[in-house]
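Sharing a structure below in structure tokens format, with a few things to ask.
Chain lettering (A, B, C and D) follows the sequence in which the chains are written, and residue indices restart at 1 in each chain.
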Amino acid sequence: MTMYAAGVDAGSTQTKGIIFDDQMRIVGRGLVDTGANTTKASERAFQAAVRGAGIDPGDVKYTVGTGYGRYKITFGDTQITEITCHAKGAHFIFPKTRTVVDIGGQDTKGIRVGQDGEVADFVMNDKCAAGTGRFLGVAAQVLELSLDDLGPISLKAQRPVDISSTCTVFAETEILSYLAQKKKLEDILMGMHKAIAARTVSLLQRVGMNEELTFTGGVSRNAGMVVALQEAFEMPLNVSEESQYIGAIGAAIFALERAAVAA
Amino acid sequence: MSEQTAAQVAVNGAQPSAMRAKAKTLVKNAFGEAWKAKEAGRKICYCFVLGPAELLRCFDMYLIYPEISSAQMAAKKTSLPYIQKAEDYGYSADTCSYVTADVGLYLSGNQHPLGHVPPPDLVINDTLCNTYYKWTEVIHDFWKCPVFSIDHPVRLKRDEKYPYDIEETYQQDKQYVVKQLLELIAECEKLTGIKFDPERFRKNLEFGNQMSALWCEIIDKTRNAPTPFDAVLDGYGYIAGMNTHKGTAEGVAYLEAVKTELDQRIVKGTGAVAEERFRLLWMSAPCYPYFRKIPEMFHQRGATFVYTPQFMQGTRGTYRSKMYDLERPLESYAESMLDYFHGRNPRQAPQWSMGWWGGKDDIRNHLDLMRRFNADGIVFHAIKSCRLNSGGFADLREHLSREGVPILMLESDIADPRFFSEAQVKNRIEAFMEGLEERKYYRARAAV
Amino acid sequence: MATIDEIVQRCQDQVGDLAFGYVRDWKKRNPQGKVMGYFPVYFPAEIAHAGGILPVAILGGGNRIKLKQADAHMYSFMCSICKSTVELGLSGRLAFLDLFVGSPICDAARHMPNLMQRNVPGLTIDLLYYPGNLRTELAIPYLHREFNRIRQLLESVAGHAIDDEVIRRSVCLYNESRRLVREIYAIRRDSPWLILASECYLLVRAGTFMPVEEHIDLLREVLAQIPDRHARPIDKIRVVYEGAFCEQPPVEFIQALEEVCYVVDDDFLLGSRLIREDVPEDGDPLLNLACSYRDRSHCSSVQHDLRRLKSDDLLAKCRSAEAQAVILSPAKFCEPGLDDQVHHLKRFDREGIPSLQMEFQERMKDFDGVRTQTETFAEAIQFYAN
Amino acid sequence: MTITAGIDLGTSSTKAVLVNERREILGKSIRRTGSNLELAAEKTYQQALAQAGITAGDVDYVASTGFGRSTVPFRDIQMTDLTAHGQGARVLFPGTRSVMDIGAQSTRAMRIEPTGQVKLLRMNDKCAAGAGTFLVRVAKYLELTVEDIGALALKSTQPQMISSVCAVLAESEIINHVTAGKQLEDILKGAMLSIASRAQALLKRIGLEQEVTLTGGIGLNAGMLQALEESMKQKINYHAELGAYTGALGAAILAQVRLRRLRGGADVERTSALAAAA
């Protein structure tokens, strides 16, 4: 009988669930908003992933919880930090990765990854919304756009504006004044993406970024951000279809390993 | 009382070292007796931990170590109000918090948690750290006392050949230090009215040599598995006990007691933690405001510290490879100050490794340390205050991680509790330990 | 003939050029010539000059350089100049150097050369160790020997001997350039509207990378034109600036100060002006240089000499420049500068001279805060002083 | 009679005050700044003049301050908000030694001399977490007006603490509090306490001296004032009627000082550089 293992990544904004079969294949995914109740959200993400895999929750032999809300995942077997899981997940998909840039809903991380996918070092910004997904969320709100639109529109930019405020709140005011000046929407958007990229670079400098870089987290789904980051880093980035699930994938790999040991 | 009980609480089922508690008494006495000494007419000399204690003791001077004083404030969780006083006075939060804590002490009428500290009759600094010079100037500013600097030049270990005669430079530098020591002796004679007694100096150096021999044996005991003491939690206690009594019979007695205790622990198989799973090197000084907390976060996961270069750097002269030559005391005294900094050393002893002048040797030395102490990884404790000790860590990490050494970088401060973020430190330690576990897992799997 | 504005602009372009275009051109013009770099504060440039080596001060990367690699190699609380200097090395921008000499003037500067040595292949590195204790007479013979060792080092770069006679000739040239700089400073003290601090800064800075002969010509050209400058005095407070003996603030920072006040004296680029009198032109030149370093120099935060208090020096500077106030502005994370600032602060408080404390960083780009603080400070004097 | 005007052109509101040589206030007015700074200055000035029943021709000297100080076309002199607030605070409360100025986009702490002269200052201009805008956003989010939230917060019995130090991230916490069914007044009080702790940290850095005076529009918010007093465990001065005008008032009074010097002749040489430039 096939053995299954699960990883659940309870992020501050969104919670992700992944089911692996014993051939290291992803067979189910779940993505829900975290909201106020992390425990419920992780259950829902897990259930969604199980449904997607077409299996029974009982078939899952081992579940690893990760992410900022990992200790609230009550049904899991163990918890591992999101840093370790992101490194593991990124290494799984891009084995040559040495640096992971993870831009999530409320934080940005830079992780230096060793040869075996272990964490060599990391830096994290989780105190200030500037430079995180939240910045884009706020902007989308002001501009009355959906998050999915930001990337494609920004890619049309010809002359990106310069957002001088680092603070998200003041940047919002700046965006409004650019709108009042009738600047093009795409130029404003790209300006914001560049502002985030600049912050990300200065954070990442502290762990070093000379070798293969992988961009993960929900914000990596935004194509405009990928372009802005590549320009700022002056090097190409790996981005996977699964990038928002990388943490959950890492957790699921650990779960699979532990399940194998237990068996 | 509370500290006694705290010291006796077993971490993770392990038995704490009794000599760590004993060190506290020694340090406390060293401070407590200061006023008595002053009243008895002895001169008070502020000197840094690597200062020429053995020499100064020849003049019956009572030694006060500003660094130990600040560290004690921090360890007693009382440093913050002192530091803030200094900041209110104008000092920046970006400078060495040992200095700001000390300034706070002066601004508080010299009321130290361990007792009332008398003002200095003389301050002596050396060149271990450039901040010492500024610190000395600060002390001078406050107390207008005479100041003496022993300048021992720092020479880069060049990866390339020297285009001049480095040996000759060394000899000249040595003479330069010797001459300064002679000036110091004259100054001390003038200040205390006591004539320099070479015999007494020799005697102090002899105590120093005995302490060196003992200390080298002690620090090698962590090569045992399990290690009988934790290099941070216990080790820094021993250092404090020893440094306050350098060149004295008490110092020798104390180290003998430490050694005896450790031998007994080894025989009984008592480790620093109940179950030793990982052995780590700790680079630079501890975070004194959370002195117990950080090592205990490691202990909880079965990791313990087996070495810190401060064992050597923090105890100048107290190492076997450099016993004082009693036939030429001043010269060999000068050598002990100079050698650590001098690029002429073909290859410094690996134990010294701090990484700020050795070129590529710094990397090799760290790898040697890993082997010598059979360690699983290195923890670099980047101290916000201390550029001297922390300045090279990021670079060492770059090089060492290329060599496959698991490395953790922690950031906090030596005396300023505001720079310790528990969540952040915990997060880092957790991720690091997960990595070590994973490595162990893969190694075990590969071995099968 | 170029106007002062044009000369200053040219200097500014050269200073901002992170590729060191001027020096590279010089190398093209002098195919046999060697170039050495030194880290502040001070280096006896005369010895290098005498060996036909162009001495270039490596003063960090200013506010245009992007730190792409240095951050990963350096600890966060290091001053900007150390970080950006390492970045210059790591990014290959110092490849034109035949030698780099650092000085362990502080804990940060102690690490920097070692970091360079480990990470910049092909760059030859050494240290010049200044005596930590200048009070004792022992400092002079020590420094004399040290300069001799530097001579040997430079000879190995030059590929030939550098004898006393040639050094004496270089000393004369450097004396001349120091005299001209002093002259410009004197004019600025008397009529600060004729030549601004930011202009002065750029003119002196040019001397940190060009041959002294060219710099002398440049200074003479400027001096000749100053009297004819059209500028009228406006009512601003007169201040002395202190804190930039090592790391240098961006020119925009100096300009922001100047919008609000006249900076009538300063310690910008102190290393190039460290020796405040002529170095004796005959006798043993290295001994003369050693004595000048100890006894004919300005104070800096990294020279330790309790024979004279640094605040005495600064106070004298303020008095002779008739300054109403002093701006104490060390570099962020510069331990020696930050510590001295307090010493000055207390002294000036006692003397009843207003002082403004404010940190700078070479990489800063936003000067609003600087302007607001300086303005408020100036207003406190303008509205309230009697 | 010598009449001077102070115009404080702030990021969110513009204030004007007219005073005579006996420091009596002849007229004052306040209005939203909006996007046209010159217009805001002009309109606010006219309103104040109308209130005083005089015309611009009756005014001897105009001082401008605030972030838009250099855009006031009819100014004779300009000064930073710090200088103006220092003087204003001291006029309103002569015992003032520390001034806390919480504006829409910035937080400033100053230590002042008995004369009102600024001795030491610390600013926080880059982060919204300690500034008035934060409250405006919270109010908007909770569908309240800025004017309402103060009174509401006073009713709080169990303030909901906010752990985030970022204004934006704090909003997510507030959402969570709302979904968890917490009382509005408790949520508001939590947000105010969070600003108060920021302000307190800044005040600490100037070495707090008594008395402490709060200036700026934020003091109109009674809940905020209470939050500050609670978290600092001490009395804080705020002038309910003139607090929002502190900057304009200070500028108007310094204009009197300046004018006296100019007229007295003693200081003619030292006409402000800025006035000369203007």
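Going forward, a residue touches a chain if its C-beta (ideal position, glycine included) is under 8 Å from a C-beta of that chain, and two chains touch if they have at least 3 such contacts.
Because the structure is predicted, anything quoted here is derived from the model rather than measured.
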Original post:
What is the chain whose Cα centroid lies farthest from the Cα centroid of chain A?
Top reply: C
Subject >> Winner on C-beta contact pairs when A-C is weighed against C-D >> reply: C-D
**OP:** Between chain A and chain C, tell me the centre distance in angstrom, where each centre is the average of that chain's C-alpha atoms.
**Re:** 47
**OP:** Can you check how far apart chain B and chain D are, centre to centre, with Cα atoms defining each centre and the answer in Å?
**Re:** 51
Original post:
chain A to chain D: how many Å between their CA centres?
Top reply: 41
**OP:** At least two other chains touched by the same residue of chain B: list those residues.
**Re:** 398
Subject >> Touching two or more other chains - residues of chain C >> reply: 71-73, 76
Subject >> In the complex with chain C, residue positions of chain A that touch it >> reply: 202, 205-210
**OP:** Mind listing the chain A positions that touch chain D in their complex?
**Re:** 12, 35-36, 106, 127-129, 134-135, 138, 165-170, 177, 180
Original post:
Across the complex, what residues on chain D touch chain A?
Top reply: 35, 105, 126-128, 133-134, 137, 164-169, 172, 175-176, 179-180
**OP:** Would you pull the chain C residues touching chain B in the complex into a rising list?
**Re:** 71-78, 102, 104-108, 110-111, 113-115, 117-119, 124-127, 129, 131-133, 135-136, 138, 142, 145, 149, 152-153, 155-156, 301-302, 304, 306, 332-333, 335-336, 338-343, 345-346, 357, 359
Subject >> Complex interface listing, chain D residues touching chain C >> reply: 79-80, 82-83, 87, 113, 115-119, 121, 123, 125, 254, 257-258, 269-273, 276-277
